[in-house]
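Next, two complexes with subunit A in common: one pairs it with subunit B, the other with subunit C.
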Partner chain A sequence: MAKAVKAAAKAVKSPHADTVRKAVAAPMLEIPEPKLTWMNKSRQWGVRVKPGKKGLTLGSLNVGIYGEIPMDWPDQTRNPRGAIGRKGMPPVGYMLRSKAEVWADSAADLYEEAIQRRWAPATDVPWNTVKPLPDDLERAVCQVSTELSQYANVEIEVISAWQHQMVYGYHEVKQYLATAGFDAARHYEVFRKRALINGGGLGLEGAGQVNRMILESRGGWTEAVVYLVLVRGLFVQTILRYLEQYAYNEAERFIYRNVMQDKARLLTYGLDHLKFAIAHNEDQKQIIATLLAIGDGLFIRDFNDPVLREALAIIFGGSIDGARGAGMDVYHDMMRAYISTHLEYCQWLDVPRRVPEPLEQYAPQD
Partner chain B sequence: MAAFPSVEWFDDVRNIFNNEDSFRGGGGGQCNCVAGIKVGNEIFVLTFEGFECAGARQASLGDLDEVDFYLDMEILEWQAMIENIRQNGHAGLGYTLNTLDLDRDERLATSVHGDQYREDLFFRYNQTLQYFFDASSRIATEFAR
Partner chain C sequence: MSEAEKLGPDYELDLGWMDQTGPWDTRAEESRNGLTLADIQVGEYGRVPDESDNQTGRPRGAAPRSGSYRIGNYAVRTKSEIWLDNASFLYEEALQRQWSSATDVPWHTIEPLPDDIEQAQCQMATFLTEVEFVAGDVPARWVSQTTPDFFEARQLLTAQVMDESRHMDVFRKRAMANGGGLMAATGATSGFVGSIDLSRDFTEMSARLHISGEGAVLTIFRMGELMAYNDAEKAMYRLCAQDEARHVAYGVMHMRYMAETAPERHEEINCYLDEAEAGILSGSANPAGQAPIVSEPLAILLGGGIAKFDEGFKKLVALRRRQIQEYKKRVVSAGFGARFENGRSRINEILEQAAAA
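Now for the complex of A and B:
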């Protein structure tokens, strides 16, 4: 009661003073003595992680029991790794509870890197360098921006759809994927901005077969990563590299280079995860090979759609006329670079891979 | 005036790069990798730690086994890149690291170990690496022919 009176005295000048006075006068008000029983609840106390050269990083917190990351995480609650779970918590129903289904050793570092290397399309891009372009060129840039924006939207949906299925035991991955989702949101934003800044507008929706394949993959996160990284991710990364080379102003060059950098983190996570998954499932390599073979059909359908190809060729050639010669030559170079990088990644993962017949023209000759 | 390639030249560039705040934002930032620089037969190793390029040293061919990736061009190609950067204040269209990597039959960025994960650091830190070489626009360079 003494505490309550003290509180009332303090509150005497507050707008609620009357309410407090009435409550104190009533015989019902009791402030229980604190039990503080929670204070002894810790699996490991006395931890002192010191910031290193890179600061106090997420990965550096993995000390003692806090660094125990088991291969299976049966706890289906939101209990943070290392904390003591409460009894009787209803399960959330996470689908991905095995380390092999989500893990990549690099996730914690990639999370830090994504936060540290963030950029803001609104203010970091030198938008004032965008000058009027010939109509055919502006339409091509806007068309490519439309499709890249759509790809980014697919990425947001896919990542978020799987991320909430992952248990809290592998929080490094969940946190990294949160940044990857944010990166994708930034890409959606920046390409939309490029389409709308220079007298053009958004163009035609992309063909979208690969979009559907990624969005509708149901075999697990690893399957989604195969399509998101080895197929779509590498393809977009290659497009960005060529767009940077053929950028028409500093703003575009800044955009392509920075999106490329963001995308490289997702490729690293994907590659690292697939390597981990392969190391822990003897059948995984063959599964990935089969998934890629299935995906080829849909990739080729998108590839056969002329819209993206024509728009890219116009950008590379500088005009519709230029697209017919030099522009298409560069487009073919770009496809060769994509297939070559895709095969290098597969080789590094030791996944058997055969280039499908319609794309054989782009396969390395040796 | 430092001559390219030399440890002195890389140290001069490091000095500018390490003290320029604008290289730390807008997609630049902390960078942790060890990059080899191969100029013809001469080898240098640059160590990037956090916001800084922490060191540059002359090295041997065997040291390339240890770096995450290395950038490989002949002296005249390096010279063209550096002169272009000097003229523009930064790399012009045909001379960004990405473009140089795309334009060559043998890649600009490569590795001895073939570890895709480590090679990809070239792309993860591309903006920072570009800022590093762009910083060379602020020093005078002489080329040993």
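Now for the complex of A and C:
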């Protein structure tokens, strides 16, 4: 049982509730006649959604008019979808008001999955399995942890910068992104913890070209998703997949596995959203292709930076010496896996894509 | 021939980065509660600068790169503007106390209710669905504007966004679980001057959101048993109260930090509290406030139906008193209690007016 549920079960009685109950006996001032103007105001009454196998989920609420999700949502108040809005309210100032700008059909399910699959770095990671490593390995693990923590920082900043600009009508997306931001915060934390637990420390800050590209993608959330998910997100996911195979203890394996699981949700949302955006904007496909082509230049500059590459190769090879041979082999294999999956995703999205020359060595041969 | 040789036969490792690190030989140790954020505040890594010059998004304590871009553009770079001393503790608690509105609320305990009660419950749920995510939208905006050097505070705000998302959804679920539906929105969190959304300063926002707005809602959630008609509703209010208590604690502890470290801002903060007090009962963001669209359903729930509206209203007034008492305690705890002694605060007067309304 969740700790919150246990604590709630103990808090059966509020210590002050009796004071409020006794107020009934107190002599009273004038009591206003209720106006009840709010009563019988509903766009659809008589709704009874029952919990299913996975409980009472967000997606299951989309019945009747509550499941009508229009392509545009001009209302800039926090009127919940399906409720009767109040006229004449000054707008909050939401910028993203079109479904094509934010939507993914999977958002509600991803939201519930994120909540079910929560984990806590403090208590769920078996930190006691981290044992002293040779200095070169510890430095490599700490360097990779530093960069992954910084990547998570970018994710936190980008998601939180866009999420609050989305209208209430597409609440499933806002809610899913709340989980994604929280996931990223956990990743920021867990990699920092790993760097500081085993006689090492944080390393050198990341090269930052791709960070810059993601943070500066101001054209819209969809643009941010292209860089955050299709470029960086998939790259990190691939790194984690390889790190899990070459982890040096159960704690690291746990971290990589669980972060990967969180990231998989963001990848799913991102791809789903891009597909939706493309389906509803005929120019979107070409815009994405252009963004990717521009992004290639910056990705290659990051890629040419030796720091992350060498740190990963040391981890994969088990030492500096191992990095020069087997470690670098694994690194190149990892890059091939990344490029190959990236191309598959682009193909699925039907986005034209050409592998830039410096990365051609990693492109599938056929 | 290995792949490395095929792909880069002259490849030499640079390894210059290996000597560019933050403080080395760091060995954080697990405590009774696992490896918490507090446990990794070791040596230089635990030193939080009063002013942050970090514009590259560098993790605090990592070695800087001379060629890094200044991509941060963080509006919040002064510690006192956002800091609270127990952020690490509250964040870890938030992680431990996550819950699921899909599976942790015993929805099967909901049984059909008399129509007036169901309508009141649905109106209250509509209102809470509407207002709860102001506390998600607004903290999110500040997260993205805060330097990662103050990441402990930022982590906690990120947890708050998550919590509020769950609140938005649990009340929507309640409205649609028992033969009712959503009802009328209040417009309570629209773009009024003085609203939470439009705050230009974090402390201003926190006074409006954490101390006043969420403080008032917390009192209601804590009294949830008085307006709950089944175990599902009781669970909902209790679970939300736990989350809300953390958010209110953020506001109190931040304001306390401000009181201790930024005396030059005391008068300004008192102005925010003046505004918050003026709106605490008259605005429609408080479910026990004076707006009939929220106070009437609450009185019906507290009384047990329209026929017992008078009883419910008496309880509502008692609830308002409780809200004000708790508000005052928070402000005293935050270090601004003098306003209740020196005649600056009008909160008692406001309460008496509201009680007589």
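Note that in this section the second predicted complex is superposed on the first by the 337 of 366 C-alpha atoms of A that agree within 3 Å, B and C clash if a C-alpha of one lies under 4 Å from a C-alpha of the other, contacts with A are read in each partner's own complex, and residues count from 1 in each chain.
Throughout what follows, a residue touches a chain if its C-beta (ideal position, glycine included) is under 8 Å from a C-beta of that chain, and two chains touch if they have at least 3 such contacts.
Computed from a prediction, not measured in an experiment: that's the story for all the values here.
Superimposing the complexes on subunit A yields a three-chain arrangement in which subunit B and subunit C fit side by side. Using the contact criterion defined above for the overlaid structures, shared-chain residue A:Ile31 touches subunit C, although it does not reach subunit B.
Contact with subunit B, but none with subunit C, is seen for A:Gln237 once the two complexes are overlaid on the shared chain. Of the two partner chains placed by the overlay, subunit B and subunit C both lie in contact with A:Gln116. Ranked by how many residues of subunit A each touches, subunit B and subunit C are led by C.
Of the two partner chains, neither subunit B nor subunit C is touched by A:Arg354.
By the document's definition of touching, of the two partners only subunit C reaches A:Met39; subunit B does not. Contacts of A:Lys54 after superposition on the shared chain: both subunit B and subunit C are touched.
Taking all C-alpha atoms of subunit B against all those of subunit C in the superposed arrangement, the shortest distance found is 11 Å. The interface of subunit A with subunit B overlaps its interface with subunit C at residues 54, 112, 116, 118, 120. The residues of subunit B lying in touch with subunit A in their complex are 25-30, 32, 49-50, 93, 96, 98-99, 101-103, 114-117, 120, 123-127, 130.
By the touch criterion given at the top, residues 53-54, 106, 112-113, 116-120, 124, 237, 241-242, 244-245, 247, 253-254, 257-258, 260-261, 263-265, 267-268, 271-272, 275, 337, 344-345, 348 of subunit A touch subunit B in their complex.
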